[in-house]
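Encoded as C-alpha cells, the structure appears first; notes follow it.
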Amino acid sequence: MTSFPLLVAQAESAEFWQTFLQYALIGLTNGALFALIALGYTMVYGIIELINFAHGEVFMLGAFLALTLVLHVMKLDEATPVGLWVGIGLLLLIVPLFCAVINVSIDWLVYKPLRQAPKLAPLVSAIGVSFVLMNVGLLWGGAADVHFPDFVSRHNLLGEDAALSFTYKDLMVVLITVPIMIALTLFVQTTRMGKAMRATAQDPVAAQLMGIHVDRVIGVTFALGGALAGAAAVIYSLYINTVSYQMGFTNGLYAFTAAVLGGIGNIPGAVLGGLVIGLARSFGSGYVGERWTSALVFVILIAILVFRPSGLLGARTREKV
Amino acid sequence: MTPTAKRMPVWPLYLGVLVVYPLLVYPERALAGLTEISVGRQLTYIFIYAILALGLNVVVGYTGLLHLGIAAFFGIGAYITGILTVSAYPFQTGFLVALVASTIGAAVFGMLLGAPTLRLRGDYVAIVTLGFGEVTRFTLRNLEEITAGTRGLNPVPPPQLPGFVETPLSWLGIGADWSLDYRLFYYLALGVLVAVIWLLANVERSRLGRAWVAIREDELAATCMGINAARVKLSAFAIGCGLAGLAGCLYATTLTSTAGPDAFDFNRSMIMLCCVILGGLGSIRGTLLGVFLLVGFDNVVAPVLDGLIQAAQINTSGNRFLTFSNWKLMIFGLALVLMVRFRPEGLLPSAQIEAELGHERKSHRPAEAPA
Amino acid sequence: MPPLLAVEDLHAGYGPIEVLHGISLEVRPGEIVALIGANGAGKTSTLLVISGCLPVRQGRIALEGEPIERLAAHEIVRRGICQSPEGRKIFPRLSVLENLQMGAFTRRDRAGIQHDLDHAFELFPILAERRGQAGGTLSGGEQQMLAVARALMGKPKLLLLDEPSLGLAPMVAMKIFEAIRKLNQEGMSILLVEQAARMALMLAERGYVMETGRITMSDRAETLLGDERVQDAYLGE
Amino acid sequence: MSLLDLDKVTVRFGGLTAVDQLDCSVDERQIFSVIGPNGAGKTTVFNAITGIYHPSGGSIAFDGRPLRRPLTWRLIALAAVVGVCTGVAAGLLAIDVNALWRATIKRNYLGPDAPFSYRAAWRDAAGYVRGDLALAPVRGGRWAVRTADDRRTLGYGDARQEAEQLRDRQQQLVDAAAGAQVVAQDDRWQLVADDGQRVLETFDNEADAQATRAQYTAIAAAPVARRRDALIAALLGLVIGSAGTWAVWHRARRSPEVISRAGIARTFQNIRLFQDMTVLDNVLTAMDRHLSGSVVQMALRTPAMRRREAEARAHAGKLLEFVGLAHRETALAKNLPYGDQRRLEIARALATEPKLILLDEPAAGMNPTESSQLNGLIERIRQRGLTVMLIEHHMKVVMGISDRIAVLDYGVKIAEGTPDEVRANPAVIEAYLGSEEVH
C-alpha cells in the first residue's frame, strides 16, 4: 500500500516537471523581452529620477515603423530568404535608431526645461507625451490590431515531437536580447561614457564637478533606452506578430513593473525583474489561468514592495534631513 | 494682499445658471439643429465626473499621492450599484442603499489599496495604483457570472422619488419619468455635487485637511509634528476613493447600465488626473474648472466637431485623419505638456496660494540649501 | 601678473533666498587662500558658484582674466578649476580606481593620466591598496582622501577644497593637510574652505572671513590668526 | 531628574560610524547644548532621538522609558483582520467565486416574480463547497442535473421532482464511485459499491462501466482538489496579509510620530516648514493630536467643531505672538524671511505641547540682532517649563544660555560640562581651532 502513492507521485512528477520546464522556458523568453524595455525605464530613472511614461509608446512607434518598413518600403516576403534576413538585420538597425532619436527629442523638448521643477511636473509631462505618441500611433496604424508578417518559423528546434518546445522564434529572442544585454553591460561598465552615466546617476553634482557634461550624458541615456525599446519592438513584432497602438501601454506597464520589481534605477535589477515578470506570467497562465495573469503579476509586485519597499535589488535610501 | 475677501462671491451666479438652465427650453432646441447631443444630458455627466475628480483631488491634490487608478474605484462604485439594483439579481435594494454601499465599498477598497503603499516612495505609489486599476478592470471582466463580463450590468433602475419631491417637479414642468426626462438625473447629480463640494470645503479647513496638505508638503516634518502619516494617507485614500465610488453609483444610475469594464480603464484615470492638474492641484474650484473644460471638450465639443465634419461631407471616405475624435488624445497630451511647462500651478490654484501671490508667478521651490 | 581667480561682487542664492550678498575675493598663482566662517555663512555656496553648479545672479568671476561666470560646470572644469566638494560626494558604487578616472574625465592624454594616477597613489598610499573597492565602503578619512585625489586627477590650475577635514579624526586631518601643503609646494594654487580655522590659517598665505553671505575680513593668514575677532567667532570670547 | 537618557547610542551608515557609543543625559528644565565641528554627528543624534534614524546600537529613554510604539491588541487584531480578509479573498478566488455566485445567486433567483430564499442560497453555497450535484433551471421549464461547478451536465428532468430524483441517484453514484468495483454478472457488468452489496448501475460492456466509474470518480475528486487549493490559497493569503501588516508596523515602530506624541518636538537644520501653507496653518497642523473630532464632524462643520477650531486658532495665535510672528498669520510660510521661518519652526514645535524641544541650529542664517533675540526666546521657552536641547554654532548663543554643553567630535563625545568647563577644556579647543602642531 505504501508504494502506491509514491508511484503516482513519480508518474505525476515526470509530467509535472516537463510542463514546468516548458513554462519556465516561455517565461524566460518573454521575460527577456520585458527586460529589454524595462532597461529603458530603469536607466532614465537612474539618472534623472523620472518615470518616463512615454517609453512604452516609443516602443510602440518602433513596432509601427518596423511594420511600415516591412510592408511598404522593403516589401519583404518569405520567398527570398536572403533578402528577408538582410531586411530583418536592417530593421534591427533602423528601428532602434529611430526610437533613439524620438526618445532624445522628447528629452530635449519636454523634460529638459523641467529639470529644476518639482518632481511631479516631468512625470505629468511624460504622461502627456505618452498620450501624444499614442495618438500618433493611432493615426499611423489605426485603431484595430494589425498583423505583422510571420517570418520566423515556429519549427521546434528540439524535434517536432519532443516534449519540450523551443522554436526558432524563441531562439531569435535569445540570440538578439542576450548579446544586447551583454553589450549594454560592457558599455556601462567599461567605457568612458558608461562610467560617466553611472557617475551621474550616483551623484549629478559631483559628476558636474568632474567636468562631465551632464545634459549630454542624459541625452545618451535616453538614446540608449530608446534604442533598446526599438530593438525590443522589432523582436516583439517578429515574435508576437500583432501590432497595435495600445501595445505600448500594456507592455510598457509590464516592463515598468519589472523595473520597479528589480529596484528602479538598477540595471541588473531591471533584467531580473523582467525575468521574474515573464516567469510569473507564464506560470500564472499555466497554473492559475490565463485570465488572472495580469492580476497575479501586480499582486506579486505589491507583495514584494510591502516587504522590500525599494524592490529586489534596490538600495535603501536614507532620508537627508 | 488683494482685497479678495471683500469681493462678492461669484459661485451663486454659476450655480443659479446651472439650476435654471434645464428649465429653459430654448438652448437645447437651438443646439438641436447643430448636433444630436443634449448639453443638459452631458452636463449631468460632467457633474458626475466632477465628483470623481474631486475625489482624486483629495488623494493627488491635497495629499500628494500620485494615484493613477481612480477609474477603478469609479468602476467599483458603478458595479456595486449594478449588483445591488439590477433586476437580474435578487437584491434590488433601491437607489439610496446602493449609493451608500457604493461609497463605503469603494472606500474600503481604497483603504485596501492604500495600506501596502503607505511606506512607498512617490513613484512606487504611482505604479501600484496603476497596477491596481488594471487588476480591477481585468477582475471585473473575468468575474463574468457576477459582472456580466464585457457587457456590463443593465438595466440599472432609476431612483424612486418620494411624493413630496414629485409634486414641485411636476409644477416646474419636469416629468417624473426618469427615462424620458434627463432633468431628474441632472438635478440629482447637481445636488450631490454641491453637497460634496460643501463637505470637502469643510474638511479642507479642518484638522484632517491640514494634515493632508502637511503630508504633501513635507511628510517627514509632518510626522515629526505628531501626525500619523499612515492614518492620514489612509483617510485620503478612503475619502477619495469613496467619492469615486459615489460618482460611479450616479454614473451607473444615469446611464442605466454599469457600462463594460473598459469604461474604467487607464485613460479614464488619466483624463481625471489631467482635469485636476489643469485646474490646479489641491484646489476645488480649479478641479471643477478642469472637469468642465476637459470633459466638456471630450463629451460635447469633440462630438459636435465630428458631427460638423460629417455634415459638411469633408470626410466621406472615412479617412481616420479627418475624424476629430482621433486627435483627442493628442490634444489632451499637448494640453498637459504645455500646462506643466508654462503654468505648473494650474488654471485656478488653491485660493490660499492665489491670495498670497496675487498674480505673481509661482516660483519653484528652492533647492535644498547646503549647510 | 593678473590673479589666477578673481571674484567680484558675487550674488547667488537658492530659489527666493539670496545667500551670497556680494562676495569679492582673489587667488594668486601658487598660493593657498583660506576661506573661513561659521556654518551657514555661505562658504560652500561660494565654491559651488565658482564651479558653475549654482547660477550667478550678479557679479563677475574670472580665471586668468577670462570671464567664466556664464560657463557650464563641465566647461569650468575644462578650464582648470577642480573641486573636492563638501561631504566628499564620491561615487559610492564606483571603485576607487573608477572614481579617480572620473576625476580625469576631461583629459585624453593616457600617459599623463597614468602618471597622475601614480602620483595620487603616492600621495595617498591607502588608496592604492583599496583601488578595487567600491567608494561607498571606504572609511570617512579614506573617502576624503579619495575626494581630494579625484579632484587632483583633473590636473587643475586651481584646486577648490571644501572642508577637507570634515568629520575626520585629528590624525587623519593632519595627513590631509600635509598632502595639501605638498601639493602647494609643487606649485598648485588652492582655495581652501575650512571650519577648523587655525589649521587652515596656518596652512594658508592669506585668508578671508565670511559671515552671513559677506566677506567681513581679509588679511594675511598670520594676522588673522592673531586677531581676537577671529577667535571670537569660534569660541565666543 | 533626567528627562532624556542616551545610553551608548551608535548610528552607522554603511561602513561609516556617524555617532559612536554616545552617553548623555538631559535633566528637566535644562538647556543642554550639543556643539562640535561640522560633520561631528550632532544632527544625527537629533535624528536618532526623533526616530528618523534607527540607532544601530544602544538605547534611548525618555521619561524613564524607551520610546516605541507599543504592541497593542489593536495591532494584533488589525493584522488578524487584514490576514483574514486577504485569506478570504484568495480563498474565494481559488474556489472560483464566479461559479460560487452562479451556484448560489443565479440558481436560486428565477426572476423578479419568484421569491428569493437566502436560506436556499446559503444551503447551495455550502453544497457548492462540498461539491454536491445541483439542479439548474434550463430552457423550456426543464431542470438539469449538474456538477457543483456547472462544468458538466449529468442529465435532465422535465419536472423538478423528477430532476431531484435523478440528482439523488447521481449523487449516490458520485459518492460511491471511488470505491466501486466493476463486476461481471450474466453478460452484463455491474458497478458495485465498496460494501459489495449495492449495485449502483448496470452496463452492457465493461468499457462503459469502467468509463463511468472513472468519470464519477473524477467528479467526486474535483471539489476535493478545489477545496485543497482554496485552503492553500486562503492560508497563503492569511500569512501574507498578517505578515505584511506586521512588517509595515514593525518598520514604523519607532517612527517620528510616536516620539512626537511622547512629548519631544524638534526643528530642522534645513528649515522644513510646510512651505505652501499659511503661518497659522503651519502651527495648527502641529496641534493635530490635541484636536479631536471625527471625519463626519469635520465634514459637517458642527458647532462643537467650530468652537474647537476657534480655540485652536486662538492658542496658535498666542504661540505666534510668543515667537513674535503674530502679524504674519496669513502669510505663506515660504514667503517669510529666513529668521522668521526659523521662529515659525519653533512655534510649530511648541504647538505639539512637548516636554522636550530639540532646536537644530536655530540661529543659522540669523543676523546678530536676531540671534540675540533668540537667546531671550530660548530662555522664555525654558520658563514655560520645557527642557531644551540645542545644536548651535553661534558661540554667543551657546555659551550665554546653556546649563550644560556636550562636545562631539567625529561622532564621539569628547567633553561635557558647564560652559566654563567646556571652554577651558583643551580637547575642545583642539577640535575647534585644530591642533597647533601642523608641521
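We just call them A, B, C and D in the order they show up, numbering each chain from 1.
Simple rule for what comes next: a residue touches a chain if its C-beta (ideal position, glycine included) is under 8 Å from a C-beta of that chain, and two chains touch if they have at least 3 such contacts.
Keep in mind that what you see is a predicted model, and the values were worked out from it rather than measured.
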Shortest chain-hopping distance from chain B out to chain D: 1
Tell me which of A-B and A-D has more C-beta pairs in contact. A-B
Report, in whole Å, the distance between the mean C-alpha point of chain A and the mean C-alpha point of chain D. 33
Rounded to the nearest Å, the gap between Cα centres of chain B and chain C is 55
Measure off the straight-line distance from the CA centroid of chain A to the CA centroid of chain C, and report it in whole Å. 43
By the touch rule stated above, which residues of chain D touch at least two different other chains? 38, 52, 244, 248, 268-270, 272, 334-335
Residues of chain C that contact two or more other chains, please. 16-17, 39-40, 92
Residue numbers in chain B touching 2 or more other chains? 116, 119, 142, 220, 364-365, 367-369, 371
Touching chain D in the complex: which residues of chain A? 292, 303, 306-307, 318-319, 321
Can you name the residues of chain C that touch chain D in the complex? 16-17, 38-40, 87, 92, 136-140, 163, 165-170, 173-174, 177, 195-200, 202-203, 212, 231, 233-237
Touching residues (chain side chain D, partner chain C) in the complex: 14-16, 37-41, 334-335, 338, 361, 364-365, 367, 393-396, 398-400, 410-411, 423, 429-436, 438
Chain B residues touching chain A - in the complex, by the definition given at the top: 64, 66, 116-117, 119-124, 126-128, 130-132, 134-135, 138-139, 141-142, 220, 266, 270, 273, 277, 281, 320-321, 326-330, 332-337, 340-341, 344, 364-365, 367-368
Per the contact definition, I'd like the list of chain A residues that touch chain B in the complex. 45, 49, 51, 110, 113-114, 116-125, 127-136, 138-139, 142-143, 249, 253, 256-257, 260, 264, 291-292, 294-295, 297-299, 301-302, 305-306, 309-310, 317, 319-321
